[in-house]
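Please read through the structure below; I'll follow up with questions.
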């Protein structure tokens, strides 16, 4: 019979998230799976409600992109009681709940930060480099992790230093505003050698701020950010961005395969299906990547 | 010094021998109070004895309400002392004043329309058991209390469902029931009719007999002479004098209040034949609304005053609102200057040259935080429309003219109208409509809360406007007043127009007869 | 107003809405869904009860969402990092939140500032304070948490009446009684009628204001603890935007934002209506993020309009009756 | 006239000066200005430029609040207008783009006004409906993506300069003057204040209170739409998910800091805009200060409370506090 899967999605707070949703739908329809998506509008309580109502509807499996890592125990226990397998997408949950889900298809956001930091360290070499950081939303686990990973990577290099760090709320507008003030505060941008942004959207805003201040992003100031959304490749084509770390929007594909195998043959998948955190730079033919990503719903 | 000594001695004396009517119960010395530049009270003294009914009189804005609020701690005072039973008190809130033994019905309070009548009566002192309000007991007591005032209503219903009169009686009942030593009533009778006033006076006399001192503020001099023992007069925030009622002739009292003689009002009613020849300004045929007012016919001519008389709740206000367009009629025909018109909203009324001073000045009349000037030009501006704003100079001009013409005090057009005394607010409302040069003016209780001086002026003004060809429809509970200025009087009963008196037939006796004629009377006529 | 109490109208709207949803998705008409409705909205029901008091008194409290967030973080830290026994942590959290509400009430009264703005500043303050405590989400592993979250009365038909749902029901009933039967309750209505008049009638307006905001914050604190039971964690970003959901629930429940009228039971029904809207959307499951928002808006409009219509209908016969009487 | 030339703006001006001084302390180059590509450049310009959306919102919001209303939907309307502008920018002329975006704002305002003035809903819930649904509509237009454009005309609107002054700032100034001229040049100001002060009395005085209420919501919608277009032009893209998010609260805050009461009546356009500037001066100061972002909200709360206390009618200086404390204790 046709599978019905409930997907508790966080919301659509960014272009990447919209792409994840639309890619999930494509992957589901490719496999003839009936995917019910409940959008939680960024609220954990809504996600819990959604999972409860999936249980009440007796779906075949539940996908959960958790907005936060904690607080899933009791609702996932209910799912287990109802014998509905749960697959985590995109983000992991707190370790105490390991036995409560079938598998997690996620990237490692600490690792993403490390990849970004390593690239920067390699590119800068031995030169002293003042970095400014555009953080994600205060309190968001991705922001915390991407900061942690980046900090670990550059801690090994005494010449790299984060001089300013503010939140840009993962948005272009705030990214631009914060970068404007960084430039003012750091001698018109002369003291900044690189920008690290927790997502590409903030970087796109920051690039504009740099241009308006008469700086050349990508040359005067290096950029590295995370997500690999199409617009950052456009900036790379224009020579205004240097590097991005990919977070693939296709988490549902592997998850669907795992569930299908589990349902038909009882194959228990590994606990963690890690997606690749691939680094892209201007050397990777950004135009081609841009064209391939354009249609994915970012 | 000596006064304070006397006070102390008095209290000891009172303690030992019970209240002595000759000794001051409430003593106010040298009270001053300013609101910014306005000196509302200057060194005012006031003495109330136990067991007396003491009238506090003065023009609008003289400072009566302010004195009361200062004494009861609603306003902080600038200087002066207050003693009750010889002991100095300095209440900082109305609650503290009640604790000190002063119960007050303030002029504008009205109670809380969203609470039930019973809750209003017993707010903050409900009968309790185990921390729970005994609702049934409270209602029972409320009913009993109101029964003393001749009121039999559903005490569980929200107070706001009842008429102003009932609300006022409730407020008085609450104050009386606080069983204080001093009872202060600021214009309690303004919205009561004769019957209710008599009940109130009866209760006041009883309380006085029990040794309670009562302060009574009113602009009805008849009532003052009927009920009070002594009279204190304020003018412009200063004490003019304190007299025994018996030794104070009315003329003298008025001179004390106004600081001048009162011009005699002339009753200039036109002869019937004369006004019948006048042109019709507005007419209503079979005009009415189901559940509101029984359809009526009414013709209003240029240059005449039509009075609406009736008991509380007889449908006078409702008639006025229909005529003005504040309420939509569901049947009948209205015409202005012979042309048929539709009156769907106040805007229609204003467009056709009507004006309406509502009876509930605070909620339906003034815009408290706007200035006197802005309140005066409001209706004129609304009539002219958005794109033809009155220039500031024109506004100043208009405001100055009416402040002068109606003697609005203080004569500062830039003062927020909410800070004016009640009577002066009423004058601002009148000015608002006069500024629109209306053809028909509907006045609902225009003299309520107005002092004798202004009262005479307003009546004179009504006649003058009438001579200028204006048509007036006036509601008043004062039959004498209605008779003074009306060319015709329409009497209402149970939301229906029952009688129309004109010319010589307009007198208090006939109106009373029409009001009082009940079902029995009708039956009697039919048999005859 | 006198014809049909607003809460009854809300109840009618709720029942009609529930029936309509059940026709489309028969699964909705089950004790399981009803149980979920109570559990999932437990914290909302608790804050909304407090908000009802504030709104009836003529105020508003925008800080409740942040207070919930703060409480979850505080409780989690106290139990997990500072080693406090859970009960002590709860008491401390509630004392803090009550003091916070009292402070807001005092500022509102003493400085005569609009509640909207004072509590908006309170919202920033409480959220900011929780960021300072911890930006990471902290799992709570204390045994009492699993005990409480596993406890549930089984309803016939597979439904569960959980501990937090029971807490909410108790608070709603307690709040309703407090508002209806006590002097405090009467004073709340009095303040909403008019602060000036209430003060002239001898109500201690200042004390009342402090107490009302204290109650609201205290209930927000309890809601925070309930939220931490719900998620077994403390997280500084939890319950963002809950203040608006709460206000909407109160208003849908028939309470006037201008104050002076309303009921806790009505609010509770308002919370259920909002929960029902969400359940419906979740059951549908085909809506994209944007259609979810649009549908929520449309349903909100439909419920409020229906209610407004019923109120108008309830008033009409009254005038007729008055007409017949005269 | 009182509303155009603040007589009672002293507290606000003082607050602004104090916050500017603090900004100077945390960031020594705060007052530096230079010309960059024909455009003034410096922190002060950032304050004006970033303050523009909230200033525009507060221009509409102050009128709504003056009628005793509130409009929670302005952030969502910004998102809708931005989404429309961005989707049309590369295929249509600037005039068409603006007409479409502002037209959408006008329709949103009409809807809010209809719910409040005609259906008689309470403003907070009436506009909550559009606050929720409006962002959905914006996302529907962009399908959740960030729609980017390159139309130089629209980009100029966000990043260009007129005589060195950034275009958004010039637009906001123009809107302030336009609104002031319309409101105070006609009788609208008086009638709005009367409606907010006492709607029943105003209605009885012949004021078309429904029309007043309707028109302020419409104007609020238009202002919000303009703010949305500018915000989109600024980042050369429409971010329906985040544009204007929570800005309704900032706009309300600006209006209240500007001394307009949430209970309606008297209002001041200039002071509302000043309120927006106070908020932005504070925000920019926070960004320049280099404190960790966890502190942002705390600083904001403290500043807001201080500014409000400064204006409190109950408080004139320190003596006021002492007196009040003594009174409440007693």
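Read from first to last, the chains carry the letters A, B, C and D; within each, the first residue is number 1.
Just so we're on the same page, a contact is a pair of C-beta atoms (placed from the backbone, for glycine too) under 8 Å apart; a residue touches a chain by one contact, two chains touch by 3 or more.
Heads up on the chains, UniProt names are B = Sugar ABC transporter ATP-binding protein; C = Sugar ABC transporter permease YjfF; D = ABC transporter permease.
Keep in mind that what you see is a predicted model, and the values were worked out from it rather than measured.
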If a chain touches chain A and chain D (ABC transporter permease) alike, it appears here: C
Contact-richer chain pair (by C-beta pairs counted) among A-C and B-C: A-C
Euclidean distance of C-alpha centroids - chain A vs chain C, Å: 34
Chain centre separation in whole Å, for chain D (ABC transporter permease) relative to chain B (CA means): 44
Averaged-CA centre spacing for the pair chain B and chain A, given as whole angstrom: 71
Overlap residues in chain A, where contacts from two or more other chains coincide: 11-12, 18, 21, 138
Multi-partner residues of chain D (ABC transporter permease) (each touching 2 or more other chains): 139, 143-144, 294, 296
Chains touching one another, given as label pairs in label order: A-C, A-D, B-C, B-D, C-D
Residues on chain C engaged by chain B in the complex (per definition of touch): 1-2, 181-183, 185-187, 189-190, 192-194, 197-204, 260-261, 319-320, 322-324, 326
Sites on chain D (ABC transporter permease) touched by chain A in the complex: 27, 29-30, 36-37, 39, 41-43, 46, 50, 139, 143-146, 148, 159, 231, 234-237, 239, 241-243, 284, 287-288, 290, 292-294, 296
Residues on chain C engaged by chain A in the complex (per definition of touch): 25, 27, 30, 32-33, 36, 39-40, 43, 131, 135-139, 141, 146, 149-150, 227, 230-241, 275, 278-279, 281-283, 285-290, 292-293
For the chain B and chain D (ABC transporter permease) complex, residues of the former touching the latter: 92, 326, 345-347, 349-351, 356, 358, 363-370, 374, 377-379, 381-390, 392, 432
Chain C to chain D (ABC transporter permease) touching residues, read off their complex: 106-107, 110-114, 116-118, 120-122, 124-125, 127-129, 131-132, 135, 206, 244, 247-248, 251-252, 256-258, 288-298, 300-301, 304-305, 308
